[in-house]
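Quick heads-up: structures coming right below.
One chain, chain A, appears in both complexes that follow, with chain B as partner in the first and chain C in the second.
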Partner chain A sequence: MNAIKEAIKTVSDLWSLMVGLRVTGKYFLEPQRTVRYPWKAVSNIGTFKGHLELVGGGQKDPFKPRCISCGMCALACPSHCITVVKKKAPKPTPEEEKALAEAKANGEKTKDKAPKDPEKFVYDYSLCSLCGTCIENCPAGALSFTGNVYMAGYSRNDFLFDLVVKLRDSQAPAPAEPAAVPAETSEA
Partner chain B sequence: MPAEFIRILIGLVAVAISVGLIGLVMVWVERKVAGHIQRRPGPYEVGPSGLLQPLADALKLVGKQLFMPDKADPILFWLAPVLSFLPVLLLFLPLPLGDGLYALDVNLGLLLILAFSGLAVLSLLLGGWASNNKYGLLGAARAVAQSVAYEIPLLLSVLAVSFVAGSLNLAEVVKGQGTWPWNWNIMTQPLAFLIYMVSALGETNRAPFDLPEAESELTAGFHTEYSGMGFGLFFLAEYANMVVVCAVATALFLGGWNGPVLPGPVWFVLKVSLLMLLMVFFRWTYPRVRFDQLLNINWKWLMPLAVLNLLATSFFVKLAQFTEVRW
Partner chain C sequence: MTHSALPDQVAGDFYTNNFAKNAQEGSLILNLGPQHPSTHGVLRVVVEMDGEYILRAEPVLGYLHRMHEKMAEVKTAAQFIPNMGRVDYGHALGWNWAFVGAVEKLAGIEVPERAEYVRVITCELNRLASHLLWWGAYLLDLGAFTPIMYAFDDREKILDILQAPTGSRLTYSYFRIGGVAKDLNEDCLSRIRAFIPWMRERLPMYKDLVSDNIILRKRIEGIGVIEPEVCRRFGATGPVIRGSGIAYDVRRSDPYSVYPKLDFEIPTSDLMDARGRYDVRIAEFEQSLRIIEQCLDMMPEGDVLVKGAPKPSWKAPKGEAYFAVEGARGKIGVYLVSDGGKNLYRTKLRAPGFCNLSLFAEVSRGTILADAVAILGSLDLIIPEIDR
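Let's look at the complex of A and B:
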């Protein structure tokens, strides 16, 4: 009796094969999810987390880093891929030196003239694990990820950046070609 | 006699060409269907929607260096792929594409196909044994256990149909069926058809019964050590065997070239392609069974059912003869 019951169950379970075919049949007819990449890009490519960059806007200048060279990022980085080099105070002119000495003599508190923004912000992308701890620890909000998907290089040194230079260079106008094309068309 | 010889020669050439073409097309179909089921595009880069991709793959296979593992048996190792492919050409000869459209008119066509398709398992065994590879050997052992087991219900279900038709000639069996689906043998022998299709999947080592090459367990099973055209021949033979199995199913159960409106060969090819597509869908739908499950399905279900089916069929056939005589 039990054997018969089992046999009937086995046969009735064969229906699941039909269910499986229906599922794959449905998927077969549905539109594809693949984006044919080189010809089409995904729409949310902006959410890509690329290498680090310095956020501009320090001293109201969009191309000066907001960074205050505190070194919290370098301290927090688990991969030790960040090195922040502070700017040295500019050598005071003789007049300034004199004024400083006077101020000291008067017992006034002297202000440190060294600027806050970094001299160098060396970032080794080949070590970075993109964990984002530096961004979380930055008190000035001076770091962010780029959406740069297409980074490639031939050697390890290609991934060793000075982010200050990178930010400064970003103000240089983009290569002339794209700008030139619309100009030509407008002439025509 | 020369006329017969020329007929066979032309048939062989046509079969060789069509086997090559079928191999190419089936690889494309398989990959496209797999892709679409998984909501990928499948091959689409080479040629219009990837149609030339299998051709490129075939050229790559032909161009590859032939490798043989150390301490493998050279004769058996190279004999195996050839042996797997050659009988396939023979299997196509008695298949009736249309009324009178077959290369070899033999009244034991069904027997010929069943006998020579049994050779395939020998080639798998040789390939796996000669490779001097544990995966190859395991695959070969599985192939033998599986093919030997599944041949029996396959044979029994085929026999039931030929009992009804009273012939082992495929063309005769087809002629015994009518134009419309309800005149086909599948209506009188539905159980035999089911058993035949399941055993056919087992015989051709198709998923979900592809244990001899189970890629997730045995890397590639019996053809682990084959590269280049050695692998290519095994591959081609597998697809050709699929076609043969589907063509026999069409002739025996689905009315062969019989069908309304369209000419016979078109119907035959259409039915075979539909069955092939179904097999491809099976592969991408069902997970591979375990080996004990595989043998249980065969010995505990297919075998007894096929025997019962055969007994019942022969009883009714005899009954029909008996009443005919009395009348």
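Let's look at the complex of A and C:
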């Protein structure tokens, strides 16, 4: 009796292997699930959050950042990867000075002429944790993530960008190299 | 060659030497790891062997220590969230939740109803992804290569879904104090809806392919038996304690969010061995799918982030709070102390894997080395979480 039980058990054990093989065989005949990468790309890159970029559209120019150099993003960033350098006010020309003085004399309100967009927007991608805190805290909506999944570089400096330059260069049809800035300027 | 025959300079580091002090005559001290394919990361286990049998084992930790708790002291509460995605890459959203939940408890912030549902849905999807990762990797440890391909096929679908709201595929930083960063849009919801029947169809296939397979059964049945009492003593949680027959799950034992409104079961197994833990995790697939399905139906419209949610400059009020959630590996707890300053005064992270791993020394005694690997895998360890 025991021998029969043993035999049945052995057969059912072996059968479990056959069942497994059947599954493998079934999937072997199905179409490929993986994507053969260099020839084909995956379809979901759109939702990927890559490195930061400045949103254009400042002063109606799509290649000028909307950023107002307030520095909120740099303050909010947990990883200290952003440094915003404000533009200095340009020296007013004599005519402008005259106009300004006249306006003042007439009691009109004078506007600060200092441009708001940043001189430099240094961003160190190698430190960024892609958390989005900067984007959520930008009052001007001037930051966004790119869908760039193909970022690769040979050195650390390849991931150090001046986003203003990057935005400006994006109007050129084929940007040659990522705009790298020397490491010294990135010190926060 | 025994350890005592080695000259001093090659006799090993502090841990090995300390461990070797109590070694028996004629035994062999062996280092499993820190870089070993079956330890998934850099876990090191020093074992004392008598032939193929393990006399003693001792895990050595700290190779992936990244000072998360210290980092919490130099960042504001809102700035610490990205760290939580990196404690446990397998179930990042569980950690996200534990931390934001603790801050919300401390500050008395109410989370919008929809955000709670979004949290449950994404957290359960993440749990599925984590279990799939474990399933594939565990079988890989046991020498079966194909299953991980099937597991990753499904896991990829989950990651694609989660990528839409979170933007990342692994180290999510998606929850915010007072809600979540982004709502699930219609497209995302419909993909989740389509995923549930897909996954349900795959489960019998998993059973046929692996769970019933005689080779697997011979490998994991009856090894690594952990008595419920031992589980309690070591503070084991998650599928490890449920695999020993105790229905302890934070979602039911200490309910949070909308879990009390949801209908699901806590799978347990009385086998107490590696098979029991395996069965529990497999059964949890179905339960997670059930939870997601109900949430999709019950989810109200509305905001996903409370008005005036804390900004990075926000200061937590003075006090302390503890909040625990059920992660894929067990109870994730975050304990906060705030002195009302800019940063939190102290953040203590309770990693379930830490307690689960400490069981290993206990249960591996007397087993053969190959079984020890099967036991280690059945505990579902994610080393970054253990070291924190």
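To be clear about the criterion, the second predicted complex is superposed on the first by the 124 of 188 C-alpha atoms of A that agree within 3 Å, B and C clash if a C-alpha of one lies under 4 Å from a C-alpha of the other, contacts with A are read in each partner's own complex, and residues count from 1 in each chain.
By our rule, a contact is a pair of C-beta atoms (placed from the backbone, for glycine too) under 8 Å apart; a residue touches a chain by one contact, two chains touch by 3 or more.
Only a predicted model underlies this, so the values are computations on that prediction, with no experimental measurement involved.
Of the two partner chains, both chain B and chain C are touched by A:R33. Once chain A of one complex is fitted onto chain A of the other, the partner contacts of A:N137 are limited to chain C, with no touch recorded for chain B. By the document's definition of touching, both partners, chain B and chain C, reach A:V23.
Touch criterion met: A:S129 reaches chain C, while chain B stays clear of it.
Of the two partners chain B and chain C, more chain A residues are in touch with C.
Of the two partner chains placed by the overlay, only chain C lies in contact with A:P78; chain B stays clear of it.
When the two complexes are superposed on chain A, the residues of chain A that touch both chain B and chain C are 17, 20, 23-24, 27, 33. Against chain B, in their complex, chain A makes its touches with residues 10, 17, 20-21, 23-25, 27-34, 36.
By the touch criterion stated above, chain C contacts chain A in their complex at residues 75, 78-83, 86, 146, 150, 153, 160, 163-164, 167-169, 171, 173, 181, 205, 208-210, 212-215, 311-313. Only residues 13-14, 16-17, 19-20, 22-24, 27, 33, 44, 47-49, 75-79, 129-133, 136-137, 145 of chain A touch chain C when the two sit together in their complex. Looking at the complex, you find that chain B touches chain A at residues 33, 35-41, 44, 281-282, 284-286, 301.
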